[in-house]
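Two complexes, one shared chain (subunit A), two partners (subunit B, subunit C).
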Partner chain A sequence: MVPVTVVFTRESVPLDDQEKLPFTVVHEREIPLKYKMKIKCRFQKAYRRALDHEEEALSSGIVQGTGREAEAMLAEPQEQAEGSLTVYVISEHSSLLPQDMMSYIGPKRTAVVRGIMHREAFNIIGRRIVQIAQAMSLTEDVLAAALADHLPEDKWSSDKRRPLKSSLGYEITFSLLNPDPRSHDVHWDIEGAVRRYVQPFLNALSVAGNFSVDSQILYYAMLGVNPRFDPASSSYYLDMHSLPHVINPVESRLGSSAASLYPVLNFLLYVPELAHSPLYIQDKDGAPVATNAFHSPRWGGIMIYNVDSKAYNGSELPVRVEVDMVRVMEVFLAQLRLLFGIAQPHVPPKCLLSGPKSEGLMTWELDRLLWARSVENLATATTTLTSLAQLLGKISNIVIKDDVASEVYRAVAAVQKAAEELASGHLASAFVASQEAVTSSERAFFDPSLLHLLYFPDDQKFAIYIPLFLPMAVPILLSLVKIFLETRKSWKKPEKVD
Partner chain B sequence: MAATYCLGRASIALAALLLLSFGSFAASQIEVCTSRFWFNYRHVANTLSVYRSVKRLGIPDSHIVLMLADDMACNPRNPKPATVFSHKNMELNVYGDDVEVDYRSYEVTVENFLRVLTGRIPPSTPRSKRLLSDDRSNILIYMTGHGGNGFLKFQDSEEITNIELADAFEQMWQKRRYNELLFIIDTCQGASMYERFYSPNIMALASSQVGEDSLSHQPDPAIGVHLMDRYTFYVLEFLEEINPASQTNMNDLFQVCPKSLCVSTPGHRTDLFQRDPKNVLITDFFGSVRKVEITTETISLQQYSEMESKPKLKDWHPPGGFILGLWALIIMVFFKTYGIKHMKFIF
Partner chain C sequence: MAAAMPLALVVLLLLGPGGPALAEPPRDSLREELVITPLPSGDVAATFQFRTRWDSELQRKGDTDHYFLRYAVLPREVVCTENLTPWKKLLPCSSKAGLSVLLKADRLFHTSYHSQAVHIRPVCRNTRCTSISWELRQTLSVVFDAFITGQGKKDWSLFRMFSRTLTEPCPLASESRVYVDITNYSQDNETLEVNPPPTTTYQDVILGTRRTYAVYDLLDRAMINNSRNLNLQLKWKKPPENEAPLVPFLHAQRYVSGYGLQKGELSTLLYNTHPYRAFPVLLLDSVPWYLRLYVHTLTITSKGKENKPSYIHYQPAQDRLQPHLLEMLIQLPANSVTKVSIQFERALLKWTEYTPDPNHGFYVSPSVLSALVPSMVAAKPVDWEESPLFNTLFPVSDGSSYFVRLYTEPLLVNLPTPDFSMPYNVICLTCTVVAVCYGSFYNLLTRTFHIEEPSTGGLAKRLANLIRRARGVPPL
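Coming up: the complex of A and B.
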């Protein structure tokens, strides 16, 4: 459930409607999944009148481009819980928004919508608000992406297959590949760039997992593909079809599987050798790509950094190259956002979207990620526990140790708690509970003691035990029969005599 | 000497090669050789040749779990040490320079194999010994050694049955540890091993049907043993023609080694597989082609001014005069104590 607070300013809706404030409206939607499962998506809208300082802020500020002025005034410390939204309804003729825009989505869980003076004001505004709320929190494709494993397979598309699976932590590795150290003496201030650009982004995402960052420089590391020469622009290019073959030869040298068990994201910066400079990536229409970078889902990204040809004039090799970290980090952070599934939401028409904050992540984008992750975690934990139960039902020889049993109980309790918290709209605790559910269920399922080697097929029972016990059993049975017959005879004899 | 060596003899362990290519549509391989002892040289050679082809097609070692039950290259009976040949006259050394064996010798057991498949590994196991696949990985499992109707022999002392294998695959499916699975087995009566599979998305190939023996290819007089099995030999020849960009599909792999060449009848099973085999590329399993997308959007960052750069801390050294003075003090004390007459020995 997504709690939405709708704040009405003085002239946004007709007066008689304003009398009806405050009240609450609940909007529910059911999204069907496979196996007759459904997910209910509820938006609980609490309508209220604007407080004085909010009125002041909204009537005086002007949303300019990025809307920072209005945001600054509205950004009074309203301690907004994670997962909740606040929508401000302003009057139809207010100059807060540019003329043709109906709504605006800000970087910090707030949005502004134009009101309307109409009898059906609340209904119309309600619909607009639901549209915006959906864009900022949950839509069907977000849920479908999260549950991609559990949905029927005709729902594949590149957006849904891209994001990383939910995990407790991630390791991010930045690598600089210099195949030609004789010509280029490349320096990059990676520590500074990580500190300034990447670390704030990761701090914003820290709720979603533990992140660790490392970097390395690799010399004489070639791409596995030969670029082709384009005489028209006198540059070299790699076309789209050769890109998939680039990654594998390089990956073995990256050392990415060395240390941790967390999934690894690799970001490579390749400085092409002098013989192949400048090098561009061409998309399928043959035009060079603006960012000169590509990424692979669940693996990472590669960017090609061409040395400025002016650097060669007059100086002897090797040429010192200082990498422009801002440009590089812009691309890498954008790739990181895509890899995490923080894609552009479907904004309703005529809506102005503010640019991301300086950290590169808007607060409600993080909320979207957490909603999707919580749902995914719940689904994973549930299927793990179900398959564990099925396994135990089928192979009855397996012994469950106490700690496995306690993990299962913990997992079930965490699943229930997460579902409750999701239904009541407490996103932060729901996410934590869902992560705990996944960890416990995985630990229970993958416990090394659950190996089913005690499989006892029927023919093995016959083949092993019958030859062992049958020869032993024959004289025992025969002697038992003999005893029985003798006892019967001894019973009969006294009767006869008497 | 055209006598071919039957694989049905009850002896020696099995070499298994588990190849995992995993990742986003990348493939994982598990290659298992379960045979031990010198005269099962051919099983190790089988496994290593599949390993070699797979590496040549681009799969890195981190995605391959190679289990060899015995060491043929450094075996004391090997007349050409540090080599394992796959062809008569020593044309192709499949041992190469960068073979990474993950499970070796007595570590190749049914229990370890099942642990690798199902993921129930003790937490201290290193990454190279794990099958790190996810729901988008295509896995190739290649097994070779001695087998019978419904079982495969491990290390001459234990067996894995087709039911255990089917159950292990089902557990992998439950946990979504694979997207598609290709199972290749080269033993006697190999088709019995895939009869019991019931999980979706599995395709299986075997070198012989139930009741038939898989035969070995050719002995080498210099090394003294049979070098390869027929089925894997022809599969290797087929794979040598494949490069990472090739478009050959699975139907061609099914035609490899007809009865005239192999003497046994290779079999395959595709009913559990969702796609049509003629649409499945060989490189989906044997090679590794990742899905890539062009990055079209960037975010805008502000350039930070350089005011906040911290000065770098250099190591602190004591000032030069201090060290000189210290030594002067030490020498003075020395001469004071022992007398000035020692000075001529020093200066």
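Coming up: the complex of A and C.
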């Protein structure tokens, strides 16, 4: 459930409508997914009148107003809870928004919508608000992408770029690949760049997990593909179809899977060798890509940094190259957003989307991520527990210890709590509960003590007892048969006689 | 997979402060070295050393106490290509340039001795040690056998040893050198000839004796430009005299004695061959828990008399948790043999704790000897930057002694091994006995007897009559 607070200013709707404030409207929608699975999405709108300081802030917006200054003045004293939205309805002729824009979505869980003086004002405005709320929180594709692992392949998952699987933390590695140290002496100030650009972004995302960042420089690391020469622009290019083959030979030298609990995201910066400079990536139309970079879902991204040809004039090899970290970090942060699944929201028409904050992440984008993650976590936890139950049904030999049982109980309780919290709209506690559910269920499922007695097959027990009991049993059985036959004979005899 | 998205929406990062501050990044340096030592038996020993030094402060989360030593050993494991590959990955120019080009696994493991090591330690940057840098040293030593690798010929070259030659130096290395030990052969060029002739030589006191080395610097352009590659050749003009190699001042042996599978005795012999100097030796023994040591039988004798160690630390073993730890500081008198012996009893393990091949035996890890051995010739104090790497692995502050760490051989000890086929035997025997005895008793007890008419015919009787007729005996 998404709680939405709708605040009406003085001239936004007709007066008699304003008399009806405050009240609450609930708008529910069912999103069908697949195989009779549905997700119910509820938007609870609480309408109220604007308070005085809000009126002031909204009416004093600057004429060409992007609305940002007004919003800064609207700084609510209390922090909005995660997952909730606040929509301000202003008058139809207000100059806060540019003339042709009907609404505006701000970076901090607020939005501004033009009101209308009409009899059906609430209905019309209600629909607009629902559109905006959907853009800012949950839509079908977000949920489908989150559940992509648990749904069978179909049109939803195959061409959606899959975001990263939900995990407790991530390790981000920045690598500089220099295949030709004889020609290029490359230096990059990665520490400063991470501190200035990456760390604020990760701090904003810190609710979603623990992040750790490291970096390395690799020499003599070649890409697996030979670039082709394009005589028209006298440069080398990498075809879009050869891009999948680039990563594999480099992967073994990255050392990414060596020692980390969490999934690893690799960002590589490749400085092509002198013989293959400059190097561009071509998309399917044959035009060079603007940023000269590409990314692979669930793995990371690669950017090619061409050394300026002016640097070669007059100096002997190796040429000192100082990497422009701003250009590089722009690309890497954009790729990081894509890898996490923070994609462009589907905005309603005539809506102005504000620019993001300096960290690179708007607050409601984080909320969307948390909604998707909670749903994914719940699905994973339920799948794990169901598989464990099915396994126990099939193999009766497994011994479940007490602590494994308590983990299972804890997982079930966490799943229920997470579902309740999601239904009541408390996003933060729902996310925490869902993470706990996943951890407990995995701990119960992968416990090594489950395998202890697995290899004690039944035929070994037979092999031990049969040589002992069979020779003993045979004479007993034979004499039982004999007794039975004699008794039957003795029954027949008196009959015959009598 | 796709190309990157247009950045119109996300260009926001220019809010960072100003332009990039060009702080000089911390200096990392790499030095590499190869030392080739021809041995009088015709074999040749080669030692690689790579040193990477970082000047940046690596974060240390919480200061660990440096006085705690953690010692772990796997005596059964043999070093092979799986260990060489990740070791090579730590080198920046791995296998592509510089001295690491020579590290080919199929030649390096075709040797009579192979040893690899990785050392990481903090080093002080100046004499007052106000800042530290971290040093990673990788060493690899091999001894090529004249008969196995050399096929009987005693002429050596880089190509013969490693199947590669040196082509270019590593662009990241600040120093890249090859040293050839020509101590005994430098005066006359008639025993050993080194090709191409060295331009410089280096003399220093290494491990207590004065040695001379021929130096080839790969970073020197004249060295490689002439012939495009460097293939050092060692040719013996006269066959090397089979003189016995110089006995080192400290060496040790270890063995297990005794008979049967119940008791035994573990003995370590320490030899001090210095003619007039006695020096102390620190002996560290880690014996697994299934050899139960009797510490009251620990005896140390030198030259027939009892030798009391100046320091003993003993930590007894706990079954299945912790091995014995015995550490002693023993003073070795000059020109003597010291015997350290201790008796033990072999324990019987639980049947699930035996390895799949228990009759091979169980390994006992080697003991470690550390000593400051007095040197024949006084050495100058070591300068970190100028000295070659092989001199700075264990530097000492005063030149009158040098540090040595020796490992004795690992031992193979047989433990009383049960017969693992016994459960099967027991089942078979018991079942047979029960079946036969019980079955017969039961039959006897419950058999009912009928009177039977004698049968006139029958195959057996006819056969018997046939035989009687043949014998001439009246039929039945």
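FYI, the second predicted complex is superposed on the first by the 440 of 498 C-alpha atoms of A that agree within 3 Å, B and C clash if a C-alpha of one lies under 4 Å from a C-alpha of the other, contacts with A are read in each partner's own complex, and residues count from 1 in each chain.
What we mean here is this: a contact is a pair of C-beta atoms (placed from the backbone, for glycine too) under 8 Å apart; a residue touches a chain by one contact, two chains touch by 3 or more.
Predicted, not measured: the structure shown is a model, and the values here were computed from it.
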Looking at the overlay, does A:M472 come into contact with subunit B only (first), subunit C only (second), both, or neither? second
According to the stated criteria, A:L261 is in contact with first (subunit B), second (subunit C), both, or neither; which is it? first
Which partner does A:G126 contact after superposing on A: first (subunit B), second (subunit C), both, neither? neither
Answer with first, second, both or neither: which of subunit B and subunit C does A:Q390 touch in the superposed model? first
In the superposed arrangement, does A:I281 touch subunit B (first), subunit C (second), both or neither? both
Mind working out whether A:R298 is in touch with subunit B, subunit C, both or neither, as first, second, both or neither? first
Taking the superposition as given, does A:P448 touch the first partner, subunit B, the second, subunit C, both, or neither? first
Could you tell me which stretches of subunit A are touched by subunit B in one complex and by subunit C in the other? 161, 192, 196-197, 240, 243-244, 281, 283, 289-291, 293-297, 301, 326, 329-331, 333-335, 337-338, 344, 355-356, 358, 360
List the residues on subunit A that touch subunit C in their complex, please. 161, 181-182, 187, 189, 192-193, 196-197, 219-220, 240, 243-244, 253, 255, 281, 283, 289-291, 293-297, 301, 318, 322, 324-326, 329-331, 333-335, 337-338, 344, 353, 355-358, 360, 464, 467-468, 471-472, 474-476, 479
Which subunit C residues qualify as touching subunit A in the complex? 1-7, 9-17, 20-23, 25, 89, 92-94, 96-97, 168, 171-172, 427-428, 430-431, 434-436, 438-439, 442-443, 446
Footprint of subunit A on subunit B - complex, ascending: 23-24, 26, 58-62, 110-111, 114-115, 118-122, 127-128, 132, 134-136, 161, 163-164, 167, 171, 174-176, 244-245, 288-304, 309
Residues of subunit A that touch subunit B when the two form their complex: 149, 158, 161-162, 165, 192, 196-197, 224, 240, 243-245, 247-249, 251-252, 256-258, 261, 281, 283, 289-291, 293-299, 301, 303, 326, 329-331, 333-335, 337-338, 344, 355-356, 358, 360, 383-384, 387, 390-391, 394-395, 445-453, 455, 457
